[in-house]
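Just below sit the structures, each encoded as structure tokens.
Shared chain: chain A. Partners: chain B in the first complex, chain C in the second.
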Partner chain A sequence: MAKKEKKKGLPASLPNRQGRKAGLNRRDFIDKGFRFSIAVGLIGIVGSLFKKSQAKEYVWQLDPSKCTHCGRCATSCVLTPSAVKCFHVYDMCGYCDLCGGYFRPSSKNLTTAAENQLCPTSAIERKFIEEPFFEYHIIEDLCIGCAKCVKGCGAFGNGSLQLQVNHRLCVNCNECAIARDCPADAYQRVSIDDPYLFAGFEQKKEG
Partner chain B sequence: MKKKIAIIFLLTIISLQIYNSFAVQRFPKPEFESGHTQPPTITPDPRSHALAVLDVFVLAAALTVVTWLVLKKRSRNGVFWMSVFAVLYFGFFREGCVCSVGSLQNVTLALFNPEYSIPITVTAFFVLPIVYTLFFGRTFCAGVCPLGTIQDIFALRPLPIKTWLEKVLGIIPFIYLGLAILYAATSTDFVICRYDPFIGFFRLDATFMMFAIGGIMLLIGVFIARPYCRFLCPYGALLNLVSRFSKKHLTITPTECIQCRLCENSCPFEAIDKPVLLKEKEERPIAVRRFLMYTIIIPVLILIGGFTGSQFHENLASANSKVRLANELINETNFGETEKEAFEITAFKASGQTKTELYTEAAKITKQFYYGGWMLGGFIGLVFGLTLVSLTIFRYKEDYTPNKGSCLSCARCVDYCPVLPENKIELNKSI
Partner chain C sequence: MKQKVIVGFALVLLIGIIAIMWFDFYKNKNKSQENPYEYNIDKLKVIDPDLISHEEIGQIEPEIEELLAITIDKNDNIYLAGKQKVIIYDNSLTEISSFHIDTTAYSINVTNTGGILLGMLNHIEVYSQEGVQKAIWETLNYDVVITSIASNDNSVFVADAGNKVVYHYNHNGELLNEIGKKDTIRSIPGFIIPSPYFDLLIDSYGKLWVVNPGRHAFENYDAKGNLISSWERTSMQLEGFSGCCNPSNIAILSDGSFVTSEKGIERVKVHSPNGDFKSVVAAPSLFEEGTQGIDLAVDSKDRIYVLDPVKKIVRIFKMK
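For the complex of A and B:
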């Protein structure tokens, strides 16, 4: 509305250079008015955001309890390889010899031979501790976040292998590309102070 | 032997388990006899909050320096080196996120979505450039925005483009702005971030498609300076409007224009308004009549636009993941997958939400898009109308001045002006 007013005024403002310089003409007045209203609008926006503000940033994290192990974390991330990695929650691990996350279901014998491994990049290291326990380490550099081991561990074991966004790698996109593609809506913005969401781990943390 | 017993034991237990139940402590954590200590779960920390605050200070400092360089020092060289700094710091070092252009969507989301609260640093990224623009013109575009400055560096052989083409293309940013706001307000998508052509370069990692788009954009940018800023950037559209009423602005000449015409073709963005002489002006009654006619057209355009927009609300809404899922379920299209159930549908079944709940939610979102479609269409109609009206206006002016809306304050023209600040002419300047 006001915009039209300004334009309407124009044909009238004929070349009057002296007059323009002399004082506050219509043009200056309109400019000032608009400047003022933009400033007020901006203050209004900031004011209404004030209640909805929080001091710290968000980071993206996925909720493993919602995860369906579809494998898109490996492919949808803006980074290659993905910033989503498998994390091993040792507190939940049963140290099984027959590890559902390590071995393919069809494995004939439980050796570290490549054909037995579920992980496509051999990113899980199997280490003998004592009879009959084995410890599994994730080699972060090799992990691509495909969730194959996570699925296996969740189905056959304790679910101690969980996908999480590795915040050392994550570039924290304004809109996470994996969150957009996640079929289970498992991604959410979490506080920077508590950036990991391990599932089934609460009691352990408190205790 | 022990090992075999263990295997048999495990297999029996496994066969008794219900699959797919997640995170069940099926096997208790062992007590190690050998004294083995369990390693801790490694959880790397995210980038610290202090650095995000530092970014805001760097932004404010960069804005101040560029503004000073443009308005006081009048140095194109200075602005260029600030551009290089912006590309290196805001682009390559910070890897692009959050930028002021994208923060627009966070602000919209915070205003519309009750669940999202916006970090103060993001608000600062949104507000600071607008405040500076309100006082000093688009100095943010000149040398702080990484998306703009990377193109600015590539603007090597700018060619003039036709005015009508520029006017038509100049409408696109407003449409993009409207779409971005609509999608952010309905919590659907951040389209500006998704189709950011240069972020792939800053991260040195992107899909082939985005690399190609970015590359083409830079290649076009060699001949048509800053194509993204002028014909796409939604934040630029916002700053364009704000900058028209800025308190101060870059001037081509330090004192008085002597109409030497040296600067006439210096602007790669064609943002220099040439003098309009009195004799070119039409007779007043004709001009007024035409102006009034176009002004009456504006409400009509708004209505037509709004109606058209509202007719497309279902198409617009299909970008929303919930609406899409509901559509796929109703039509039983399974996301185009033929061999197995689509991941989305599997996940939906696992989530425990009923179909009715989903459909209600989807219907609600579609309704939002209906109103959004009206507003978006109306806004586009308004932009068209105002563009038309602005084309009919003649404003008498004697001097070469930058167009406060489209001028990006890059200060290239300043070097072409032979007038010295002391009101003398620099005679032996070689251009």
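For the complex of A and C:
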């Protein structure tokens, strides 16, 4: 028979009816193939679950070095007020009496009177430390992320006031509405393990 | 007929919808991008032309990779320093010589005997006019950031922004004393230097003037470190200085008036010896936004040399 099949030109690798001991029949082949597929699938699922459990979560953050103070962080966020807040990097601060982030340029006196303040919501608290140093503290609940103080501080001072997405408030939308509107393309995904992108020093930051 | 009316009406409606969409997309775009919180500081940079007292009469375009410092000697030769190079020009702006230095010089001064003192961040290097290194003066403190040097016949004063102090050396490089540390008994307020801009000079009477940039003040010390006098002008307007650390650089005219440069609002002004604003030399429009460290020098004819580290040029101004 084998000689006959050979004559018919069947490939030697194909199983023949007489040679079950040597190879697989069709049923075994499908059966083993099915089991193999399930095993591969299960391994794949377990692997992907493991990988997912190990993978870092990503959140939105804005790069202060790209920020153009356009005001859209205040207006484009799905939250009201925005999840973007001003943060104060104290290590960079000059503790100035005439703070460019606190006072309007037209201020006649360096007092905390509302008409002297640059911030539209009075979200910056000015505190006397010692002559001639003043400390500036951001009141998070009042800050709307408009970046006026950030621009003032950057223009006249060391740039210690910086906008950042506050991750205690951000709902981490798949498509961040501010990132979509940002003209400077300053928004990016960053690891949740290191979710802030301060320019300059990173210590003693406070929201 | 009725069908034609319906088709016509539908077409008009379609055109109307397309027009509204087009208007919304293109015409309303700018309106939606207006910043309701706009903080326009450009108006602070506008200078009344009547206040500008000087006109530009020339420029130097030196071949230095990073142009950082300028000084002028008693013969009106101009010395420029920066990354790995020092170039010397005569008063007709012809290059006399140049020499290589190993690192970057952030400040420069020429002594009355022709020695070239270079502030190399944390130490002083002394060179001859031919570019031969004569000495290195090491500093004793940590975190030294040398930002300015001034000298007279007896002394060399070195501003250290890192330690907020002025070192008083003799010409052999021996440290004699430190000037300007906070001392309430001697009524010395102490220097406030939030960023590395800390300039000093010696006036025609040999008096040391040091900028206290955090206070927007000029302080006059004797060689022993006693505070003789001071003035300060804090204002976001033209008559004063604003921000964390201004003026960033200074020079002095023959009548004792101070030439000042600022960062934040990039401009060069003249203040009278008692501190009152006199005039503007260079308006902010001459500089790129964000230009910092505009070093200044004045020659014997009161021409003002303004070093622009971003455009890598030196502008020369004379009184109109």
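FYI, the second predicted complex is superposed on the first by the 147 of 207 C-alpha atoms of A that agree within 3 Å, B and C clash if a C-alpha of one lies under 4 Å from a C-alpha of the other, contacts with A are read in each partner's own complex, and residues count from 1 in each chain.
Everything that follows uses one rule, which is that contacts are C-beta pairs under 8 Å (C-beta built on N, C-alpha and C of every residue); 3 or more make two chains touch, one makes a residue touch a chain.
Keep in mind it's a predicted model, so treat the numbers as computed, not measured.
A.B. asks: Should A:Ala74 be classified as contacting the first partner (chain B), the second (chain C), both, or neither?
C.D. replies: A:Ala74: touches chain C, not chain B.
A.B. asks: Scan A:Gly152 for contacts with chain B and chain C and give back first, second, both or neither.
C.D. replies: Only chain C; A:Gly152 stays clear of chain B.
A.B. asks: Given the superposition on chain A, which partner contacts more residues in chain A: chain B or chain C?
C.D. replies: B
A.B. asks: Scan A:Pro120 for contacts with chain B and chain C and give back first, second, both or neither.
C.D. replies: It touches chain C, and chain B stays clear.
A.B. asks: Can A:Pro132 be said to touch chain B (first), chain C (second), both, or neither?
C.D. replies: It touches chain B and chain C both.
A.B. asks: Applying the document's definition of touch, where does A:Ser107 land relative to chain B and chain C: first, second, both, or neither?
C.D. replies: second
A.B. asks: Which partner chains sit in contact with A:Leu98 here, chain B, chain C, both or neither? Use first/second/both/neither.
C.D. replies: Both chain B and chain C are touched by A:Leu98.
A.B. asks: Given the touch rule stated above, what does A:Ser48 touch, chain B (first), chain C (second), both, or neither?
C.D. replies: In the superposition, A:Ser48 touches chain B alone.
A.B. asks: Between chain B and chain C, which residues of chain A are contacted by each of them?
C.D. replies: Residues 70, 72, 93-98, 100, 110, 132-133, 155-158, 183, which sit in both footprints.
A.B. asks: Inside the complex, what are the residues of chain C that reach chain A?
C.D. replies: Touching chain A: residues 33, 35-39, 41, 44, 192, 194-195, 214-216, 234-237, 242-245, 264-265 of chain C.
A.B. asks: With touch defined as at the start, can you tell me which chain A residues reach chain B in the complex?
C.D. replies: 3-4, 7-8, 10-11, 13-15, 17, 31, 34-35, 38-39, 42, 45-46, 48-49, 52-59, 64-66, 68, 70, 72, 78-80, 87-98, 100, 110, 129-133, 135, 137, 140, 154-159, 162, 164, 166-175, 177, 180, 183-185, 189, 192, 195-196, 198-200
A.B. asks: Spell out the part of chain A that touches chain C in their complex, as residue ranges.
C.D. replies: Answer in residue numbers: 69-72, 74-75, 93-98, 100, 103, 105-107, 110, 118, 120, 132-133, 146-148, 151-152, 155-158, 183.
A.B. asks: Within their complex, state which residues of chain B touch chain A.
C.D. replies: Residue list for chain B touching chain A: 2-3, 6-7, 10-11, 14, 17, 19-20, 22-30, 32-34, 36, 38-47, 49, 52, 95-99, 102-103, 105-107, 110-111, 116-123, 127, 130-131, 134, 189-190, 193-194, 199, 203, 205-206, 242, 244-247, 278, 284, 287-288, 291, 295, 298, 321, 342-344, 346-348, 350-351, 386, 389-390, 393-396, 398.
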